[in-house]
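Should a chain be cited, it is by its letter among A, B, C, D, E and F, assigned in written order, with residues numbered from 1 in that chain.
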Amino acid sequence: MNSAAYERGVQRLKEVDAEAADSVMQSLSAICPDFGRFIIEFAYGEIHSRPGLSLQQRELATVAALTAMGSAPAQLKIHIGAALNVGLSSTEIVETIIQMAVYAGFPAALNGLAAAKEAFAERGML
Amino acid sequence: MNSAAYERGVQRLKEVDAEAADSVMQSLSAICPDFGRFIIEFAYGEIHSRPGLSLQQRELATVAALTAMGSAPAQLKIHIGAALNVGLSSTEIVETIIQMAVYAGFPAALNGLAAAKEAFAERGML
Amino acid sequence: MNSAAYERGVQRLKEVDAEAADSVMQSLSAICPDFGRFIIEFAYGEIHSRPGLSLQQRELATVAALTAMGSAPAQLKIHIGAALNVGLSSTEIVETIIQMAVYAGFPAALNGLAAAKEAFAERGML
Amino acid sequence: MNSAAYERGVQRLKEVDAEAADSVMQSLSAICPDFGRFIIEFAYGEIHSRPGLSLQQRELATVAALTAMGSAPAQLKIHIGAALNVGLSSTEIVETIIQMAVYAGFPAALNGLAAAKEAFAERGML
Amino acid sequence: MNSAAYERGVQRLKEVDAEAADSVMQSLSAICPDFGRFIIEFAYGEIHSRPGLSLQQRELATVAALTAMGSAPAQLKIHIGAALNVGLSSTEIVETIIQMAVYAGFPAALNGLAAAKEAFAERGML
Amino acid sequence: MNSAAYERGVQRLKEVDAEAADSVMQSLSAICPDFGRFIIEFAYGEIHSRPGLSLQQRELATVAALTAMGSAPAQLKIHIGAALNVGLSSTEIVETIIQMAVYAGFPAALNGLAAAKEAFAERGML
């Protein structure tokens, strides 16, 4: 185990979305706790902790990619929440999603907007 | 034809990547010139011209999405060039691409880095 | 706004699936009404209104593509309804879907058939 | 109809997952019974019946592919059950799924683990 | 081996694209001749030989799907040739491809147009 | 840096494909050497080094997934070589690839066979 990366990852994940993180770790505990460690150590401790991009840029890129891929709506919704947490506005999120109509088609953007509606509604933003 | 959107699109496309735009339009002239008009009018005149995101945010989102999708390496390379044109640094581009390893896998990120290498090399940046 | 394309799009959308269109526009009103306009203006007013393919051919192509992509089951179901609305038979729709087993695999075709079953059942066709 | 392949397919499908097979055939009977025949004849009677790979290898490959593609969670869950049926351990299945984080991204692996949790829970294995 | 389906498949494949078929079979002979048999027996002898859709509808659906998926440009080019062989016009093919911009994004449509340009050019149609 | 995982990763990568590894690291040195470290540390030092699956099972899963995804032919070819290096037979590899016709379509399997032909030919196996 890489304890420095793990510590960085825990820190970063807390800034981004403490609640979602807890819930993902919880859901992994019964089937593969190590995978929770990889998310913290690699995804957050190595990648999301690097200098060179702001947290806002990182979440914007993630929202764009998950909208375009279209195969992970639950994770997209979590990252829309994370994008709000790190300071992106709902307008910036919606604009990122609808831009994906150009690169991945209108259905991908529509499904991205549906995820955004759910995430915004849970925060009383609609 | 929507001439206002068309004019906005031409303007926007020039800011982003005048040369690539000419080459795409040229390649469409023999097979479907209207599709060139749709790129200008819809993609650039409607979507990329909207307020709410900066040009830098828009290109960062596009680089993220095309890297994650993995099915359009030529367009990815063009948008890496566009990202440089609107002021993103090579570091920001590389960080966006490698972050996609988390969301779309290492091969997608590796192929994105290969596109970046080509785009950077053509500008003498490597 | 491109009012000519918008008018064409409204017209075309009514022919294809008036009810589904209303419901999509309604669902967009709270989050991004402009995206509803883009669907009407670009998707229906520009693309689906072009000569060169019949409405039946356009819906057959859409059902094929959404089945193969596998990432937009709700939109696939809407377009299966639209395919019926413009005069394709349930046999033509089922044949299009199962052909996708060859190009995108059996799971994609199975999920397409599930969408068709729902669309047919809602119309009392099963 | 290819009755030799059909017989081989029925046999193979019984070894792999008799119950799931019945349920898929049942669900196809109202919309396209021939597609059920193709699954039996081609997928199981031709491909899964070939020598050269063990049933365990075939299900491991299927679990890997469906996890990576991310577009057929119901079929993935069925094949996780099939993998158990042909003798793969829950550890082998979980390891195959988390390896997909490397090739298709963490969200694909997380969704694969969610399918495994459901399949394991239905068998009282969690 | 299913000789009835095989005979139907050979027949159908000749109508669709005799030359491309020979070249695919040739390329498979050294690595997996059985796979060539599956293409003939299943794809052409079972699926493409079914009543319910015309050959033109089948090739239109295939061109739509392969354009939208974006992961098989060589096969897309072959099916654009096949579409011409069964009587679809170049306009119908181009319209099918650009419609995919709506469902799978502009890059997918652009890459589809590039495949069409190559297929048309080889036949002296540009 | 996680030096234990790094050491395990280097070791594992040498067993799997020393030459391909050198060439990937070399190609990353000019653009993002850290990404080479992540491949070694995470992909090989964490994932591929875990107990629970044999190296043969891990490469079989990787060949299945990359064939099905269809978006990384160069990496697929490398992993076909790696599969041979860890002791899978060419028959096992070909069977894994053609099975993907069922799950991801015939074009994905055909492109997988093309990658296998190249990998086998480079080793004088055809």
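One rule holds in what follows: a contact is a pair of C-beta atoms (placed from the backbone, for glycine too) under 8 Å apart; a residue touches a chain by one contact, two chains touch by 3 or more.
Keep in mind the model is a prediction, meaning the values are calculated, not measured.
Visitor: Starting from the defined contact criterion, work out which chains touch subunit B and subunit E both, please.
Guide: Under the touch definition, subunit B and subunit E have A, C, D, F as mutual neighbours.
Visitor: With centres defined as the mean of C-alpha atoms, identify the chain lying farthest from subunit D.
Guide: Greatest centre separation from subunit D goes to chain B.
Visitor: By mean C-alpha coordinates, which chain is most distant from subunit C?
Guide: Chain F.
Visitor: Identify the chain pair with more contacting C-beta pairs: C-E or A-C.
Guide: C-E
Visitor: How many Å are there between the centre of subunit D and the centre of subunit E, using C-alpha atoms for each centre?
Guide: It comes to 28 Å between the two C-alpha centres.
Visitor: Could you work out how far the Cα centre of subunit D sits from that of subunit F, in whole Å?
Guide: 23
Visitor: Where does subunit E touch two or more other chains at once, residue-wise?
Guide: 34, 38, 42-43, 47, 50, 66, 68-69, 71-72, 94, 98, 100-104, 106-108
Visitor: In their shared complex, at which residues does subunit B touch subunit A?
Guide: Contact set of subunit B toward subunit A: 42-43, 47-48, 50, 52-53, 57-58, 60-69, 91-92, 94-96, 98-104.
Visitor: Inside the complex, what are the residues of subunit A that reach subunit F?
Guide: Listed in rising order, the residues of subunit A that touch subunit F are 1-2, 4-5, 34, 38, 41-42, 46-47, 50.
Visitor: Per the contact definition, I'd like the list of subunit B residues that touch subunit E in the complex.
Guide: Within the complex, subunit B contacts subunit E at residues 24, 27-28, 30-32, 34-35, 38-39, 43, 66, 69, 71-72, 74-75.
Visitor: Would you tell me which residues of subunit F are touching subunit E in their complex?
Guide: 69-71, 94, 98, 101, 106-111, 113-114, 116-117, 120, 126
Visitor: Under the touch definition given earlier, write down the residues of subunit A that touch subunit E in their complex.
Guide: These residues of subunit A touch subunit E: 68, 100-108.
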